[in-house]
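Take a look at the following structure, please.
Chain lettering (A, B and C) follows the sequence in which the chains are written, and residue indices restart at 1 in each chain.
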Amino acid sequence: MNRYLPLSILALAILAFATLMLVIAPGIQINARPAPEGLRPYTEAEARGREVYVSLGCLYCHSQQPRSGDQAPDGERGWGRPSVAEDYAYDQPHQLGTMRTGPDLLNVSARLPSEGWHLTHLYQPRAIFDWSIMPSYPYLFDHKDTAGPGDVVVALPAAHAPADGVIVASQKALDLTAYLVALDRTYPAPTNGLRDHGYGSSEGPEPTPAEEAR
Amino acid sequence: MTNDPRDRASDTPRDAQSGGGTRKAIYAAGGGLALIALATAAVQLDVVPRWLIGAGSSIEETAAATTPDDQFTPPARDAIPDSPFGDAVRRGEAIFTNTATNAGDHVGNGLSCSNCHLDGGRHPLSAPMWAAWVTYPKYRAKNDQINTMEDRVMGCFTYSMNAQYSPAGGPPPHGDDIYRDLESYFFWLASKAPTNVSLDGIGFGKVPKPEGGYDLARGADVFAANCAVCHGEDGQGQRDINGDYTFPPLWGPDSYNWGAGMSRIDTAAAFIKNNMPLSQPGSLTDQEAWDVAAYLDSHERPRDPRQTGTIEENRLANHDGDEILYGQVVNGVLLGQGTGPSPARAATMATPSAAEPQN
Amino acid sequence: MAHKSDPKRPAEIYEPYEEQAGVPLPVIWIAIALAFWGVLMLYDTGDSVRVSLNDRAEDSEALANVTPDEGASLFEANCATCHQPDGEGLRDAVPPLAGSEVVAAGPGIIARILLRGIDGPLTVADATYDGHMPSFASALSDAEIARLASYVTTRWANGPDGAASSADDVTDLRGEVADLGSFAGGMELARLIPSLPPQPPMPAPSAAPRDDADVLQLVFAGRDEVWSCASCHGDLGQGDETTPRLAGLPAAYITKQLHDFREGTRVNESMHLVASGLTKGEMTALGTYFATLRVPSNAGAVLSGDLARGEELALQGDWSIGVPACFTCHGASGFGVAPGFPGLAAQHAPYTAAQLANWAGGERHNDPLGLMAEISGALSTQDRRAVADYLATRPPVPAVAATMTRMETDDDQ
């Protein structure tokens, strides 16, 4: 082992090539894309909710990347159309995730737009689905004797409601819910959207006027 | 090949130097191609389990599984030619599936041809028109003469479509364009069928009469459990929001009359057994089919247009020996008296008095 | 390492080295076979991607250019199930286009009717009809409505082609009529078309449950342990994705589903919780409330299903696999026949496809006679996507006000 120089040069060259192809080129490609018309930036509350989402590690069980019909039946699951790079324009960093212990959440608001539902579900998932394995997040909620002005009371079935008093949502819970309710990327994908085309036809037909109107 | 001593020899480096490498390369490539060929052959010959190659059941396979090979298949809908003949076929199909509008002057109830001849007269064992077409002209005891297809369809209008209460007061006259169009449609459906044969799937099939006969009370239960959801608790069918019959009425003034084949219990039982409930043919037992057929044919319906004298005289002349409740007393009421037209229908009849002679 | 008793044990000074062993031939065979197979797969996949890309390009081109023949096929696809391919309508149910005084009024009127729909009795060609026509505003584009209006006028009113409306006209019209709702029968049409014969009066509206404060409270605010209907199904009951559209579904059907959710005969955990908090009277009132809502469609073909196959299944069925046409039971154009057969038109494709899958798999089994289980089971996944997508593109069910006649039993089964 005495030819250090050529070895080092070769190693660096391989590294540089990989960085160029896997980081720099896609970065240039994606940065040139405008945010889709249907996507709006997060509000303050939603952005705070996104921080909560990150801090709770939701990513470890929930992906945010619906697949096309020839890869997975995500469409039938109600998870929405396959996502394109532009859908993550305001997500820095994106919360793509790799695990699907729970359902994909990129379009959770399209199928579950109810804030009340989300609050109940965050407080105690078993209150709705007795088979759910999602952790409950009681520490995002306060137990009060009576709801004060402006407090958001969580609707709970008798089996999970406290014996006395009410459960009200903390600011963190409200923020997280605001973020979840903002997750709706069901607007039509940009016609030339950046995505992996999979093994077959992966985009739906042209959107109908109804979709465009949304 | 692996036991070949020369193969082993070629493994040693010394042999490799002496040209064994080339030989080895040839062996390797040949073996690889042989493996590919072997695997391809195995897949082609279907000796590989399906799960291994990820092949699901395709639509074609399911279709092939349920259609027997010897069953005649009429041409596809989109195969109607673009020609004057094709236009007649299309008109015939329109009359067949939407009789009340396209032959409305001669329809005196709420039915369409396609209510009993399912899938536009294509479905086996629901009297498919391709099977009927190749058996006419033929002798029918019903009117004791040789019948052409036109004669036969005229009978359908007279009885099943109850033409006596139609605006015209009777079936289309001989030579009417309605027959031309319908016969064009039937002829086209029977494309490439052999003629003067009884094709598989002809008619409604036969269901033998159960040994114990039939029972109207049991039939009522079968009806409530299996039929009422579509045809209504009162058997009067159901309409959509625009008033169009989605499910046809089974008795009463808007159904077929006492002269129709379906008013015979054996015919109705065969149709029911082989076609009803829709999408679940064969789900009723023979006994249930007979019971429910008798139940729905034990209700009053428009009068037999052939009746000139009393009900008993008409029964002897036209229904004697048939499995029919016409002329019998059921639940204290003599069947066969006829319902008369519904008020809405009476308003559209050209000459109500002529169509409804006094008994 | 060699064993001690091995006679060929090397001497102490022997430096162990590994003799260069040839790779066994079978390993090389397999490697070559795999490489060959890999190249084949790459070639295969590359081909299908190219094909699908070309397909998409052709699709978008076809949509951009509406050809003159398009009118006929648009009519076939959207109008013929009710007005019939020959425009003769259905006796006592659907007005004819041939000989219609309304069609004679020109493409502008036709375009308005297509955009707004009709909800009330009207007299056409000497006959009076109930008049329930859906709005096609959400199902058709401006260019398609213009083309269709011209086609109908040209074919049945011998209108000159010069009178054809253009897509721009329709765009203007769309804005003009956006908030007007459906035509109130022939009475309102007669105000636009002076030449119409005398029209029947509109039936007097009854006290609709939408005026009921308790029902409105449930729909928009919820109650203790019950989330509000609107929080998931939308303010107008339009739904999205797997949350179904409720607007225009038969009242008795909605009531029965609520009942089944509570009893557990239809499984949906969220709805179980909601339905458990409702009284029987409230279920009935909610059913009536949503049945009378008339809302534009917000559904679309999102599952990449084959729309032609979906249309075939909906209109003709596929008898070779034992599947009758959807519309045979769910009514012409999928408007539904109460209480057993809900409307399908404009329902969200993911919801429809998911329900079909549930029936096939046995998770849902509250249908009469198990009809849907058998039918869904016969459909392949592609078929379910196709038919769900096709139904989603249909114009929404023209909901009927509580007063209007509708063959609907009130029994709460």
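Keep this in mind: contacts are C-beta pairs under 8 Å (C-beta built on N, C-alpha and C of every residue); 3 or more make two chains touch, one makes a residue touch a chain.
Everything quoted here is computed from the prediction, not taken from an experiment.
Q: Touching both chain A and chain C, which chains are there?
A: Intersection of chain A and chain C contact lists gives nothing.
Q: Sort the other chains by how far their Cα centres are from that of chain B and give me the top one.
A: A
Q: If I average the Cα coordinates per chain and compare with the overall Cα mean, which chain comes out closest?
A: C
Q: Take the average of all CA coordinates in chain B, do the same for chain C, and state the distance between these two points in whole angstrom.
A: Distance between chain centres: 28 Å.
Q: Could you give the separation in Å between the centres of chain A and chain B, each centre being the mean of its C-alpha atoms?
A: Distance between chain centres, rounded to whole Å: 51 Å.
Q: Applying the document's contact rule, which stretches of chain C touch chain A when the two form their complex?
A: Spelled out, the residues of chain C in touch with chain A are 45, 48-49, 52-53, 55-56, 59-60, 63, 137-142, 222, 224-228, 231-232, 234, 240-243, 269-270, 273, 276, 296-304, 307, 349-351, 353-354, 357, 381, 384-385, 388-389, 393.
Q: Can you tell me which positions in chain B touch chain C when the two form their complex?
A: 1-2, 7, 10-13, 16, 24, 27-29, 31-36, 39, 56-59, 62-63, 66-67, 77, 90-91, 94, 98, 100-102, 104, 118-120, 122-123, 226, 229-230, 233, 238-244, 246-247, 277-281, 344
Q: Applying the document's contact rule, which stretches of chain A touch chain C when the two form their complex?
A: Contact set of chain A toward chain C: 68-69, 73, 75-81, 107, 110-117, 120, 127-130, 155-158, 161, 186, 191, 197-211, 213-214.
Q: In their complex, what parts of chain C are in touch with chain B?
A: Residue list for chain C touching chain B: 20-22, 25-26, 28-33, 35-37, 82, 84-86, 88-94, 129-132, 316-324, 328-329, 331-332, 335-337, 340-341, 368-371, 374-375, 378, 380, 382-383, 398, 400, 405-407, 409.
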